[in-house]
Amino acid sequence: MDKVLDVKNLAVRFETEDGVVRAVNGLDLELGKGRSIGLVGETGAGKTTTALALLRLVPDPPGVVECEKLELDGKDILTMSAKELESVRGNDISMIFQDPMTALNPVFTVGEQIAESILLHENVTKVESMKRAMEMLELVGIPAERAYDYPHEFSGGMKQRVVIAIALACHPQLLIADEPTTALDVTIQAQVLDLMRRLREQYQTSLIMITHDLGIVAEVCDEVAVMYAGNIVEKGTLEDGFNHTKHPYTEGLFNSLPNINDRKAMLTPIKGLMPDPTHLPEGCPFEPRCPYAGEDCKQPQSVRSFNETHTVRCSAYDRPGFHIERKEID
Amino acid sequence: MKKIIALLLVAVMVLSLAACGTKEENTTGTNDGTSAVNGTGTTDISSTGQQTTATEGLTETGELAAGYHYKEEIIIAMADEFTTIDPMETTAETNQIVQDCTHDLLTDTNLATMQNEGELVESWTMEDPTHWTFTLKDNVTFHDGTKLDTEDVYFTLMERAPQHSTTSAYAEKIKEFTIVDDLTFKVELVNGDVDFNYVFAANSLAILSKEAFESMPEEEAIKIGTGPWMYEEFVPGDYVSLVRFEGSTLYPVPNTQRLVFKMIPEASARMIALENGEVDVIMSPNATDYARLIEDENLQLITEVGRGQHYVGFNLANPDSIVTNPKFRLAVAKALDKEEICIAVWDGYATPSTNIHCRDMGYYNDIEGIAYDPEGAQALFDELGCNGMTISLVTTDSAVRTKFATNVQSQLKKYGINVDITQYQTTAFNELQYSTPGETNGVEMFILSWTPGKNADYMYRNTLYSTGGRNGAHLNDPEIDKLIDDAAGEMDTTKRAELYLELQNKLVTEIIPWIPCAQATLTFGAAAGVTGAKIHPGLVHQFKECERIIAD
Amino acid sequence: MLRYVLQRLLMMIPVLVCVSFVVFFLMDLAPGDIVLQIAPQDATPEQIEQIREELGLNGTVFERYFRYLKGLLRGDMGESLSQKRPVADIFFERLPRTIELAFGSIIVAIIIALPLGILAATNHRSWIDGVSMTTSMIGVSMPNFWFGLLLIMAFSLHWKLFPSFGADAGIKSLILPAITLGTEQAGTLTRITRSSMLEVIRQDYLRTARAKGVPEKTVIRKHALKNALIPIITVLGSTLGNAFGGAVTTEAIFAWPGVGRLTVKAVNDRDYTLACGCIIMFTIILNLTLLVVDIAYAFVDPRIKAQYSK
């Protein structure tokens, strides 16, 4: 299977006056063509930073990016010049961001903003690009004549669709969506997700869906990766992650979801907070909050495979007979 | 990083302050580069307005030498703004300087002799102080080609003058104007005036062409005069230009073709323009530039004793002040070292005064006045118990008055007298001194200068006569009034001289409403070859014959 | 939009009436009498009264003011007391020069300030930022006339490149005064540009642009700058408006025949009509400039345009 994305040992740190913030620590990620993966985690886990690093959009001071391998569709992103990168962004790999209200430039029409992307990457005339832009608008469910309107004349949901239109205007192979529906209400959320699904099918776009909402992952993704403190602690197919959950943190996430069938049950949050990224422990970063913590957890963790697709970072599984409480579903 | 920048900035500031300091020292030092025009100490600057004549370019007979020509255009930089060519619309000297080139008066002061002579008038006779006959010069041509005749004079004096505030007072002096023929007219005056010929020397009474006013709109007719220069162009705030009158009959046609008066308000800017060769003459250069003008062989300093009497005055109508005590005034007169004032205020470019009457005017007497006598002053001050007292002094806010006031303050300090100086803007000061007769506004001492009109009477009429319009001293002495009137009406010149001598002595040594301190030297800067730029003691400078010879 | 413009124009009238009122009464309160200034030195008290009447300076302050106001509302600013010519003539003779200098200096200010401010913002906290901020501070702190004289001494006297005074040599005359005035204006403008750009640079839509593959230079020039323009235009507008009022010190140093010197001289001479006239004209010009600025906003920011159309 062709890999659209191949990342090995990505590390991103921010060197600030108050200390070095280790946002991403040795992350590996692979994604096949046409596949979609959900990148799950709490706020501060490093999801957005990872996404920005893939596009090399991490602000240069104070951010420092180190990586063994970063390939997009076989192209080596790490060694590209600025100009080459500019032709990759928006063209081969697009990103949409969390807050649609501020993502669009208020002084240009939406049509212009979509057309700009097309003009940058394809050899067309201005008139042509505007036509294409209007087509994209129709595609995302907005009447074409609204291309001449300004962002402030659209609602939040419509703005996000425009953002999607911009991102997909040049039919990229990989789309990174950073919590695209978090700022929208639930009904709009459903529409936007549906739209993304349709477009993915139409263009065979791979997708990294960054979210903290496991429900969205279940709806939209083929695979799931759980991030904690700058690293992926569990990765696998949807089956693997949901039905054969292995990592205690993933279990904690599932336990935090309220059960619609048992209204009276108490919520069981994960106790404690994410560690301070300037002072990460040597061993497992989840150890202080883990109900299964042991002495082995204080050692640097390594990756364990359970099958072809399913990997976990948890030394507890070296203990004989260790398993978490969450039941496996076959 | 920020700290380094801050330190650098402080260092730069300190350095520039130091640099500024040294720059000033270099330029305000004592003018040791003296030539005939002495800068250090006070001297009798007895030049008569002639500046160093360039002999280069002229043959021995005064003709233009081969390889030289007259510069076509002479540019003069003025400090104030020219506003109008209409002599009746203004009393500002800046305007009159230009009008002097284009228009003429019936009579005017001859700068060389300081006597009133005919300009457009050939001769006159006074039958008695109320009856005068004047004869015009023949063959004087206006710019419009018409000949000057008595109709023009009648038009100017009796038709137009009464309508303008600057001239109506003069017109009212004439009871009846009779035209005898083309060139002769008689006037009968309301009041007898022995010096009536001086009245015609008022700049606002320049003679205009009746024919011009009949055939052209007023703005055009007003430009027509009898002078050797014709009005060309006026750009407000910028410059006014004149071209020579080729048909001039009264004067020789000027060698210069075009005269441009440019308005440059900053003295330093004028100096730079002169050094740059952008202008040929500058008015009112900074005292700090005198040395450079003298030393630079391409430039020259032109000087002339001004007719402005700079004085310290006393408000005699202030009942609460010690200034009403004649002993006090005498003490102050003895206490002030006038030579010191000349150096402090004008860098020595001034002449100390002993007499209220101006030095170059008719009926001036070189009286002894009140000599500098510090012991005598101290004795009087002690007698009056002045040690430790405070007295107020008011004046205008110009640089010269500031220096003058400060110097008086420091001189009187030696006697234990504290002088409290307040400076006012000119218009405010005028209101303080003159507007409400009888109201003295608490003024005690003041510093001012007076540049009288053309004749002796003007020295006293407005300033020290009881009902004078500029009587800031509020002098109200019937004896003095009588002396002034008698002298003005006295036909016998010997008797007149005696009266003025008596008046001067009385004022200067007995009554002391003013302590006359100095007559300042007026100056121009000019390029070395410039001639004909004449400083007029009464500030209406003359450029009719201004020219410059340059090599081809 | 048209309605908005008309509204603004109508609002100018009460403003002008207020200004004329304040100026007139303030000048009356100030001590000093123009009649004593222009009367010949040997005028008698009666003659002085006569002159006072001729000039219309008799009567109480209120009488004089209403006479003036009546004329003003008919568009007649009266005659200058010291020059005896219509105030309008005198003012409009000098206005073109002031406008020249105003535009000249704004252009210099923009050329200096905009790049400097953008550089400072894009290199926030680096040495470039420090240098450009220091430069702008120097521009503001330097006394106008001192810098002007320096320029004259260097470029007029020493290198003979430009005339040292006056406005007669066309563009050549304009350069030194424009630089003198412009550097002072550039000081404030740089700071505003920088702070405005700093605000904009943090905005999310720039991240969107970069993610689209827009080259960095274009991100700054096109996407960021247009948004940063609003405060910049505001400052430009008020700077320009003030420059129209006449840059008094610059005009004095360079003998530039503008309205600044005219106004100051008129006030000093207590030439009521001329001074009032100049100040009123200045008010009108300033208001019009601000109106143009407000309209310019509409072309830069479509949200504001929408507001005007309501």
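In this document, chain identifiers A, B and C correspond to the written order of the chains, with residue numbering beginning at 1 in each.
Here, a contact is a pair of C-beta atoms (placed from the backbone, for glycine too) under 8 Å apart; a residue touches a chain by one contact, two chains touch by 3 or more.
Here the structure is a predicted model, which means the values were calculated and not measured.
Of all chains shown, C has the CA centroid lying nearest to the centroid of every protein CA atom.
Just count the C-beta contacts per chain pair and the biggest one is B-C.
Separation between the centroids of subunit A and subunit B, computed from CA atoms only, is 90 Å. Inter-chain spacing, taken between the CA centroids of subunit B and subunit C, is 37 Å. Spacing of subunit A relative to subunit C, judged by their CA centroids, is 54 angstrom. Among all residues of subunit B, none touch two or more other chains.
Multi-chain contact residues of subunit A, defined as those touching 2 or more other chains: none present. Touching subunit C in their complex are the following residues of subunit A: 55, 57, 82-83, 85-91, 94-95, 97, 99, 102-107, 116-117, 120-121, 150, 152-153, 163, 166-167. By the touch rule above, subunit B contacts subunit C in their complex via residues 1-2, 5, 9, 81, 83-84, 89-91, 165-166, 168-169, 202, 204, 235-239, 262-266, 268-270, 272-273, 275-276, 278, 424-432, 434-435, 437, 453, 458, 461-462, 467, 469-470. Within the complex formed with subunit A, the subunit C residues making contact are 203-205, 207-216, 223, 226-227, 300-303, 306.
Put simply, subunit C touches subunit B in their complex at residues 30-34, 36-45, 47-48, 50-51, 54, 82-85, 90, 93-94, 97, 127, 130, 134, 145, 149, 152-153, 156-157, 160, 163-168, 252-255, 257-258, 261-262, 265, 268-270.
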